[in-house]
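So, here come the structures, one by one.
Next, two complexes with subunit A in common: one pairs it with subunit B, the other with subunit C.
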Partner chain A sequence: MRPLDEKETTQVFEKLFKFTGPNLKHLLERPAVEGPDAEPGRYCLRLNRNRVYYASEALVRRATAVSRPRLAGVGTPIGKFTHHGAFHLTVHALDLLAAHARRRVWLKPDTERSFLFGNSVPKSSLARITENTKVGDGVVVMSMADVPLGFGIAARSAQDCRKADTNAVVVLHQADAGEYLRKEEELM
Partner chain B sequence: MGKRSGSKRKDKNKVILPPELPPEIDDDEVDLSDEDIAFYATDSSNVAPFRRFDKKSIDRYVGRVAGRDEGEVERLYEERQKRKATESSGKPREDDDGLEVDPVDALPTKTLQGELVYNRAKKARSEDNTGGVKSKAQENGADAKQSIKKDEPKGKSKNKKGDDNKVKNIQSQTEVPKGQLHSNVLEEVKEELSAEELFEKKKAQLAELGMAMLEDPESNIRSLNDMLSISNDKDQKVAKLGLMSLLAVFKDIIPSYRIRQLTEKELAVEVSKEVKKTRYYEYTLIRCYKAYLQKLVSLEKQPHFYTVAVRCMCALLDTAPHFNFRENLLASVVKNLSSSDDVVRKMCCEAIRSLFINEGKHRGEATIEAVRLIADHVKLNDCQLHPDSIDVFLSLRFDEDIGKDETEEEKVKPKKNKRWQKNQEVPKQLPVNDKKKTRQELISKAREEVDVDLRAVSFTLDPKERKRIQKETLSALFETYFRILKHSVTTSNSRTKVNNVSPGGSHPLLTPCLEGLGKFSHLIDVDFMGELISCLKKLSGYSDRQDEIPNDNALSVSERLQCCIVAVKVWRSNLEALNVDLQDFFVQLYNLILEYRPDRDHGEVLADALKTLLWEGKQQDMLRAAAFIKRLATLALSFGSAEAIAALVTLKHLLQKNSKCRNMLENDSGGGSLSCLVAKYNPEATDPYLSGALASVLWELSLLEKHYDISVSSMASNILSMANLNPTQNPVPILNVNPLEAYRDLSMERELLKPTSKALPLNLKKRRRGKEFVALSPDVLQKADCSVDKDELEEKLQSHFAVLRGISENERLRAELNHTLSSVNMYKDYKKQKKKNMKFKTGRKKVARV
Partner chain C sequence: MAEGPAATTIAASSYEVDLGNLMAYDPSHHIAAASREELRQECLRKGTELAQALADALFALPPNEDRDGPIVHLSLPTVRLPREKHLPKPKPPTKWELFAKVKGITKRKKNKREWDEQTQSWKRTYGYDRVNDDKDIPIIEAKSTDEPGVDPFAQRRDEKKKRVEKQEKNRLENLKKAAKIGALPRLLSFTSKCCFPPPLYYECLFVSGRNLAELQLSNIFCMQSIQLAAKALPIIGTKADLPKKSRKEDLESVVGMASSATASGGKFDEKLPDEKPPKHPGKHRKFLPVAEGKGMGSLEKQQNDKILNSLLARNSDEPLDVGKASSRIQPLT
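Up next is the complex of A and B:
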């Protein structure tokens, strides 16, 4: 387990920034709630076996006691580095993103399932969208009951959605809560 | 006035002088100068006074002169003069013609030498008016005979004292040089004949002219000229009266059509007498109307006539928007829309409003013109105008059905046209054979002509035309609105550093502009939408960098709230199909609630914002709803009852829609599994998603239950009862109104209750408040805020802080004192103990020794 180097940090932050925008600051500066310490400090990012973890400083301090090969993980995983060195957010980051994201998309109740099976969001299943969404923004996909289902990248701006065809893809799928079932072994 | 007084003076000269006349001269022997004869012959007004003389009394005077002293004679003359003045005021028509003189002509009358010059000009002028066709050659006096002939019958027919006239002519001629001797007398007489009488006289004259005009405008159209000349009077009162009576006359006689210039062809054609008469009537009317308008425009620049002129123009615009010279009227009225004079501004606004509302009068053409003019006006003045000038747009009306009608008609029309073409083409091929078809053609042609005529006559426009007009009006309207928005965006950015105290001072037009945008939001083109929304977002003070949200905007809180309202309205009315979440504006509202101050900002705007954004909004997501619920509860607790009820109504609505948020009503904080990542409530968070409101408890409600206002307290308890119900159940509604209505009701009640609450005995009030009042009553707050002026405040603050400083100083000193005291004590203890120890030791030693 080690802190991210500069290049990795920029990669991770860029990805997160797509979703959170200026809220990224809150993500990193909020007081931690994990760990047994009375003053848990803040959250930090750690890299362990190509996976990036989001953990409180208290946890990290304790985790240093565990030897590297035996440490399975610490805190919340938020993504991984591929063999090519690219960074991908994984579905574990969903809660974190849902709380801090600026753009959201709400799905019609009967089309949630399609998204949870790993498909992208067509315009027909769109119930609501945040106003100033632009192409390439990260959006969190929610159900109408405000349960975060997954996240993806906006393929159309909110303005264009109006004119778009009913089958046109609005959000490109990146991760969804269905992966917990579909890719159970990959996730851990 | 000059000419009038001049003529008076002349009259008096002539009247007073008879005593000095050599009585021997006979009528026949006197040789009259041509000029004199011409003057008296043509101008009835100059003759009129003489006609009324009774010969006897004159003779008496003439005979008596020698023995009498001049004072006596003067007195008598003065008396007579007065009598005459009152008489003549009853018959203003008679000498009216004599008044028809240009100011230029009137000038020479001031000197006695100039009298003749004046008379000539007068004569020429009056003949022009009366004869209409007469040439000006008469000025030369060469045709004096002719005028004598003309005059004599007149004189005879009127009072048969032609001879007398002649006598007096002679007399007057000889009088002239001696006038100077009596100048002092003249002065007195003039004073006697006070301005009041003159004024009365002119008033009566005006009234008579006006009545005559209204009775039979066609034949009396010429008296418009006379009225115009009266309104040229030097006396401001008279001139104003003239203007107003002209206005009344024009209001009545202006026809319901527009008078157009006659073409040459039409002029060339011989016409009947009646047509000629109408043409002449119309021509005169137009000429006078034009002169009148010119006069109004020129008078508008003079401060005395400003109000009157504007009033006349507004009334004219109101009654005759279809008539000629509308453009000029409109231009000057629009210019005065932003006048600094309240009365004038109100009048202009009313005029323009009625123009917009009564489109039937002018088929909407004037509307476009007015809107365009206002747009230009705004552009020219760089958006620094009085808000009223934009406010008038609110009374514009747009017909939404026009578009639909038109499309339907277009679908139908091509068919018709084809049929027409067929009808027209077929007969050409078979011109002679088919008589039926030709007949049909004839019929259809006739019908077409009739249709065209009908359309020309009737005031209703065909939908196409109306649509065009409406389109242009709309584009001008939105051009104005967008210009104002852009202007406020650019200036507010540049002025951020200058902290302007007066809200709305820098953008006077923004508030009405936003109102208008809200009203016409459904008419905005979707393509403008993105830019408009981003503009509004900037204005509402939202910025991506959340640290900068406060203090980054020169606009007042109410204006920013209004921006949010308008944005939501615009979006809602245009893109209802696509449910878009205007998150940024909600965030903005969330922050603005904290910045609201009841005295500074308009509570109604806040209530409206709550209504549009939260109460009417379809769906709120849970986190945001929770954050708003918490913030609204805080708001309800800190402000007056009206704000509180508005907040509570919204809060209840939110709780009803988001049943999950109801666990905020439970008594344990933490929020359980629902409170997502933020475990602790942060009341100052700028982002509703990060406030962690779900982890909080709505303790404010139980305090509000004890609110002094019954409606607020009952509302609070009603909301609290929701905690015990199923998520699907809703409590019995006690107040089924939206926040805005609730706010209005309560604020009205507050106004009504003010006196009674003051009447309460003070100690009772105090006791009550001490017992159960949770919030300060708004009256007390207002009083406390209003009654303090700056110096007093400064003084009080100074003394307050001086006391505070004194206290802290005192505390510090006391602490020091305590410290030293304790150290002294400790030292004493230490010494004592040392002594004891010493004793002990010595004791022990002693013991040891022992």
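Up next is the complex of A and C:
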């Protein structure tokens, strides 16, 4: 387990920034809500093997007591570095992103299943979309009951969505809650 | 040939045979040949005749009988061969020579023996049993400027040593300058066998603690021939394939590698008096500490803030939400 170096931190922040925007500051500097300590610390990012974890300072301090080969993870995993050094957000980050993301997309109830199976979101499944979504923005996909289903990248801006074809892709799939079942072995 | 044997014997006597060089030369030879094949035949024929003339001259000499056979002493060569190598380049004047020229100092002849006042005898100017030797001074009077614990004899020895070292350094500098412009003679014993990287690196590996200047000292004689050999083009390949001159940084990195190439990474080796610690010891990448104090150290906070701020600054060009603004535009009444 070690903190990220500059290059790695930049990559992680940039990926998170796509979803949160200026909220990223709040994400990183909010006081921790977990832990028995009287004074809550902040949250920090730690790297274990290839995975990046988002954990409170108290937890990190306690995790230093676990030996390196035995440490499986610390806190919430948010993503991992691939073999050649690129950073990808994984589905474990869903809770965090859902709480802090700026742009959301709501899906019609019948079409949720398609997204949970790993497909991108076509315009026909779109029920609602945050107004000022731009192309390339990170977007959290929710069901009509405000349950976060996954996240992706917006392929069209909010205005363009109105004019688009019914089958046009609106949100490019990145991760969804169905992965917990489909990719059980790969996730951990 | 067409002229017959008579013509050839006449021609044979007009060949110039130089027994010292074992050479036979026909001054009146003209090549009259049409095709390549004819030319070849002509050359072979003429060569045979000349070789025959040479052999005749050789066997005409009076032999001395030896147990290995008849031995003949060749006369001195008559033909002077042209120079094989270029004329030596003039050496650049040394530092002292330049200084002497400026000051107008001329060389004066020193006698081999001089009268030594100290021992009241005739002594050599230099070498064993010399004039003004430090050994012959029995007493050095203390001056008022001397400190109590200082040994004046040791001082004299140190000063002399420094002078000698300085002179040696100057001598090497002069040699280097001369070598740079190619004025130093090549050392034949080194040229054919020595190729550039191995000697230098092997010296480094076995000499790893020693002063690099000393290393260069021992290699100065190789250096001239190495430079010449290195500049010569290889048999196949281009100039790009030539081994480049190794720089100070290369030598230092090799020394560092060599010094840590032991079973325990060079940690417990005795260091020589002048040896400097290695420049890149072990760790080549630094990480921030995992947990400092309560969790996040100040360095980590700084790093994160820096990256965050630069990210926010780069993407701060969305102050105006055009959609919202346009929906708020009220039509002029």
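A few points about this structure:
Note that in this section the second predicted complex is superposed on the first by the 187 of 188 C-alpha atoms of A that agree within 3 Å, B and C clash if a C-alpha of one lies under 4 Å from a C-alpha of the other, contacts with A are read in each partner's own complex, and residues count from 1 in each chain.
We adopt the following convention: a contact is a pair of C-beta atoms (placed from the backbone, for glycine too) under 8 Å apart; a residue touches a chain by one contact, two chains touch by 3 or more.
Quantities reported herein were computed from a predicted structural model and do not represent experimental measurements.
When the two structures are aligned on the shared chain, A:104 is found in touch with subunit B, with no touch to subunit C. In the superposition on chain A, contact of A:128 is made with subunit B only, not with subunit C. In the superposition on chain A, A:183 contacts neither subunit B nor subunit C. Once chain A of one complex is fitted onto chain A of the other, the partner contacts of A:144 are limited to subunit B, with no touch recorded for subunit C. Judged by the touch definition given at the top, the superposed model places A:22 against both subunit B and subunit C.
Of the two partner chains placed around the shared chain by superposition, subunit C is the only one that A:58 touches, whereas subunit B remains out of contact. In the superposition on chain A, no contact is made by A:173 with either subunit B or subunit C. Where the contact sets of subunit A with subunit B and with subunit C meet, they give residues 21-22, 131-132, 158-159. Of all the residues in subunit A, the ones that touch subunit C in their complex are 1-3, 5-6, 9-10, 13-14, 17, 21-22, 24-25, 28, 39, 41-42, 44, 46, 56-58, 60-61, 64, 131-132, 158-159. By the touch rule above, subunit C contacts subunit A in their complex via residues 287-291, 294-296, 300, 303-304, 307-308, 311-312, 315, 321, 323-324. Note for the complex: subunit B touches subunit A at residues 526, 529-530, 533-534, 537, 544-546, 571, 575, 577-585, 619, 621-623, 676-680, 687, 689-690. Across the complex, subunit B is touched by residues 21-23, 26, 30-31, 33, 95-96, 98-100, 102-104, 106, 126-132, 142, 144, 146, 158-159, 161-162 of subunit A.
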